[in-house]
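Given below, in the form of structure tokens, are the structures.
Heads up, the next two complexes both have subunit A, just with different partners, subunit B and then subunit C.
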Partner chain A sequence: MSRLLLVLLLLAAGPALAISDPREALPDPAQEQRAEALGSQLRCLVCQNESIEDSGADLARDLRGIVRQRIAAGDSDAQVIAWMTSRYGEFVRLRPHFDASTALLWASPVLALLLAGALVLRRRGAAPPPPLSAHEQQELDRLMREDV
Partner chain B sequence: MIGELGHFALALGCVLAVIQAVVPLYGAQRRDVLLMRAAPALAFGQLIALAGAAGALVWASVVSDFSVANVAENSHSLKPLLYRITGTWGNHEGSILLWALILAVCGAAVGAFGGNLPTALRARVIGVLGFTSCGFLLFALLESNPFLRVWPPPVDGQGMNPLLQDPGLAFHPPILYSGYVGFAVPFAFAVAALIEGRIDAAWGRWVRPWALTAWCFLTCGIALGSWWAYYEVGWGGYWFWDPVENASLMPWLTGTALVHSAIVVEKREALKVWTVLLAIGTFAFSLSGTFMVRSGILNSVHSFANDPARGVFILGLLALVIGSSLVLFALRARHLASGGVFAPISREGALVLNNILLCSICAVVVTGTMYPLFAELVLGAKLSVGAPFFNATVLPLVIPLVAAMSIGPVLSWKRANLGAALMRLWYAALVALCVGLFAAWGWGALPALAFAGSAWLIIGALAELIERTRLLRVPFAEFLDRVAGLRRAAFGTALAHAGLGVTIAGIAGMSLASNAVVALQPGQSTHLAGYDWTLISLTDAPGPNYQSRVATISLSRDHLPIAILAPERHFFPLQNQTVSDVAIRTNGFRDLYAVLGEERDGAAVLRLHYNPLAPWIWLGALIMAGGGALSLSDRRLRLGAPAARKAPAGAAAAQ
Partner chain C sequence: MNRRNLLLLAPLAVAGAAGVGFYAALERMRRGTFDPHSLPSPLIGKPMPSFVLPGQAPAQFGFSSDEVWAAGSPVLINFFASWCVPCALEHDELMQLATSGVALWGIAYKDKPEAAAGFLQEHGNPFARLAADRTGRTAIDFGVYGVPESYLIDRTGIVRWRWAGPITPAITADTLRPLLQQFA
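Up next is the complex of A and B:
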């Protein structure tokens, strides 16, 4: 209930300023870069469609802090993501994990190309269309001549 | 009183739309010329009625008539005049009215400029547009009436979302909707062709200008939305793969495919069935875009005014329009004989490849956008699909698209020689390679790929023009003759393709952007991207309906002053909401961008960005739309197929 209230309050407040505290950043630039890359793959759970790096919500700030803590403690990227999904579920990942439930999603580019390719091949294999009648051909020739 | 007049005008528009849907279609079926000829007049009548309704709503908002519920809920007496006018379409009811008004403009435009269409085709097109209008006007009257009164009227209005009080967003909906709704015309042409059971080259020639106009508007609308997100929302990004953004990208992708496949119909009478399907699909995506934004079925930061009841009505409308046109397609498509045989390596082949890739990208965007809903309803899994997914899956499809874009226009129709075509592009390939290597050396693989693609597109577009005009290979006078003789559509193609190159360069530049979040006391400075950013002062300033906090930042490079940036924070007491007003200084090649955040112990938190080539993203979109407009001004398209109407008389005389 209190969580729902929090969500409602945040929504009522409108998009907050997505600005973070300079003290949040890790002192090591390489680690900070890793943290930003990871953060942009994690969803701010109370926001509409923002990563925790983009969002100004309090929860996003807390999660940013956690990501940086784990990285400073020496966790790998995979460990940080695993930590997040174990607490917040797959919903927290903006880049969904590949498994049976997302196979269709990840295969969509290949499936789309295959489908399109199959359509083209079928079309090419189809019987040639009936030729135009003499009158239609005449008409067409005239139209095409005007085109030049 | 004005409110009731508006309400009456809306109802009158709906009645006229019903007549417009029934009479011309019936007349065309019965071959009754009188009924068919009534179509343009009905379309004009509907336009006048809806313009009256829209005018009444604007008037109610301008004079702050808070007895109109819509005005009371969305306006305020302190709101500046510009936003009182543009605010009428910044809310749900008003935006549906705007949608219907633009649809009426489309119908009237077909009536006004469709003089060279066969009477039956014109009647059917206007009839189908009237049918679509009916749906939206019924929706406006029954579910989202902007003219409902409240009694007693409130003392003042509730105001408007401060994020929407911005000149860029004020004109974003009309332009975007013109794009969405504009695709209703190719849709109507497609349905009319299915009813008639015939499509010929002339059909392709008639459809293309309408599709191209809608495409230009949609391109500008999407670019404007992206620009608004960049400078108003202050996230420093320009594209978030947000459901609402994706919803506008879907019809753009299929619309781009449509603009290209219509060329094949016009020139070679091939791909007819496919083009009809694309026309239907593009409008279906336009409609479902509205549905997604309005129903709140998908999480989005852009949508306002969600209401499930309205969602159900729009879903029903969507099912009716798309379902009936697809049924018609299934019944009649096989009667549309296809012509024009061509080899895989040919201009037609390249345009087919364009269609395959654009539609595949669209399929990925659709899948990614709808998948969370699908997973929750069907698989019971709650998951998110965000920017990292789209970036990873769309990019592999964009690469071949860009590679083929420069080659396609230099291929000949029917059968082409790929090797010879590539030889004509050798310098474009060389420049792209050099740019790519240079960029790879400095910035890594992905930016290098993007910069190379951008150079390939821009130089490739130039190469196509050079090829057509035979620059340096013929005497200069003949070259000038060839330039003068070149069709504007050829320039349009080159310009639009180069425009995409410019946009890609902008995106590549933005991938090299740097930013910093700093807390500065007045007088302190920081260093970012070679510039010294010094906070000079923090001051208060009054605004029309907000209080403003202004940070003045001076920028210098090697102790030479470059610019003063003044980002602001606006507090709107009415909504109890704070909105940042970003300060941007651009020189066309890079943006210096500053956002003012909270203040703590006398220090202001500032987010500072250095965004190389950022303006090119929207400049490129503008160039693309300019290319489309140039194509439109081509004499052949403007005149349509002028002799088509005389044809039956000539044919009769010949017999």
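Up next is the complex of A and C:
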């Protein structure tokens, strides 16, 4: 019974809203959803590991406000991101753009996999160890007998 | 020495190289010329953002980007606030810079006018020109992410350098002085 109650309560809790102050939200729910999606891809420069939607920093609140202003003014998602990167650089994007300077970053999982694969193949392809010499075989037999 | 022994030494060599690197980074952090959290500014080499800002006491009039451009010498724009602890830390160095003739223009970032005026009265006013950015929008156009932040604007209005954090004597000597000479 208590388990059922717990499940019901957990279901009723719903997701925590990114912004705590409803006055910040845009009146149009579709626009607000876009603003939240965009904001969650933009880094808060003060804390550096949170998005501006998640951060409680003053600058993050200002930037959330600007994202909403620009969306309300009719900017596309790409225009809002461009507005941010022209001021704060590529670092402001939590999902970096793919270009020459970030190619290594994006390619690193594939490179790691290829390197591991190459090592495995090399090990497999290596010649098996040569058979034991007569002397080694004798020594081995002796050790096995001792052990028993 | 055979190949196997050389390979055994490789981890030691890697650790040694990393140690030298870490030591250099820590030494530069201690001198205050390196901040691992600082970010490159996309404004470097580009014209400064345009702005017109109102005055901040004790100055009666604020200033605009056009006036920075017309200053005829490189201008160091400093964003500060009375509520900012590192701003008080760098203040002695700013006073030194002003005394030595650097054109230092201040922008009070999201500060109460009377609080910023009180801060300058208490610590001294190193700024040749002074303006107030109440909303912080001009600061965002510059890419400010925390005060204090300083921007060196050359005589053609191009942003040449950004320093996020307090300016120390080491930064003045190592970085700012050579830049001022280069763009004088």
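FYI, the second predicted complex is superposed on the first by the 108 of 148 C-alpha atoms of A that agree within 3 Å, B and C clash if a C-alpha of one lies under 4 Å from a C-alpha of the other, contacts with A are read in each partner's own complex, and residues count from 1 in each chain.
The definition used in the following text is that a contact is a pair of C-beta atoms (placed from the backbone, for glycine too) under 8 Å apart; a residue touches a chain by one contact, two chains touch by 3 or more.
Since this is a predicted model, take the numbers as computed values, not measurements.
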Practice item. Specify the partner with more touching residues on subunit A, choosing between subunit B and subunit C. Key: B
Exercise for review: Using the superposition on chain A described above, determine whether A:Asp58 touches subunit B (first), subunit C (second), both, or neither.
Suggested key: second
Practice item. Check whether A:Arg142 is in contact with subunit B, with subunit C, with both or with neither, and answer first, second, both or neither. Key: first
Review point. Who does A:Gln48 touch here: subunit B (first), subunit C (second), both, or neither?
Key: both
Review point. Counting only touches as set out at the top, which of subunit B and subunit C does A:Gly89 meet: first, second, both, neither?
Key: both
Point to revise | subunit A residues contacted in one complex by subunit B, in the other by subunit C | key: 48, 89-91
Exercise for review: Can you check the complex and tell me which residues of subunit C touch subunit A?
Suggested key: 37, 39-43, 110, 135-137, 140-143, 145-146
Exercise for review: Quick one: which bits of subunit A touch subunit C in the complex? Just the residue numbers, please.
Suggested key: 45-46, 48, 58-59, 62-63, 66, 85-91
Review point. Along subunit A, where are the residues that touch subunit B in the complex?
Key: 13-15, 17-25, 40-41, 43, 47-51, 54, 89-96, 101-102, 104-106, 108-109, 111-113, 116-117, 120, 128-130, 132, 135, 139-140, 142-144, 146-147
**Study point:** Residues of subunit B touching subunit A in the complex
**Key:** 161, 163, 200-202, 233-235, 237, 240, 242-243, 267, 269, 299-301, 337-339, 341, 352, 355-356, 359-360, 363-364, 367-368, 371, 375, 379, 381-389, 392-394, 396-397, 516-519, 569, 575, 577-578, 580, 595, 597-598, 605, 607, 636, 641-644, 647, 651
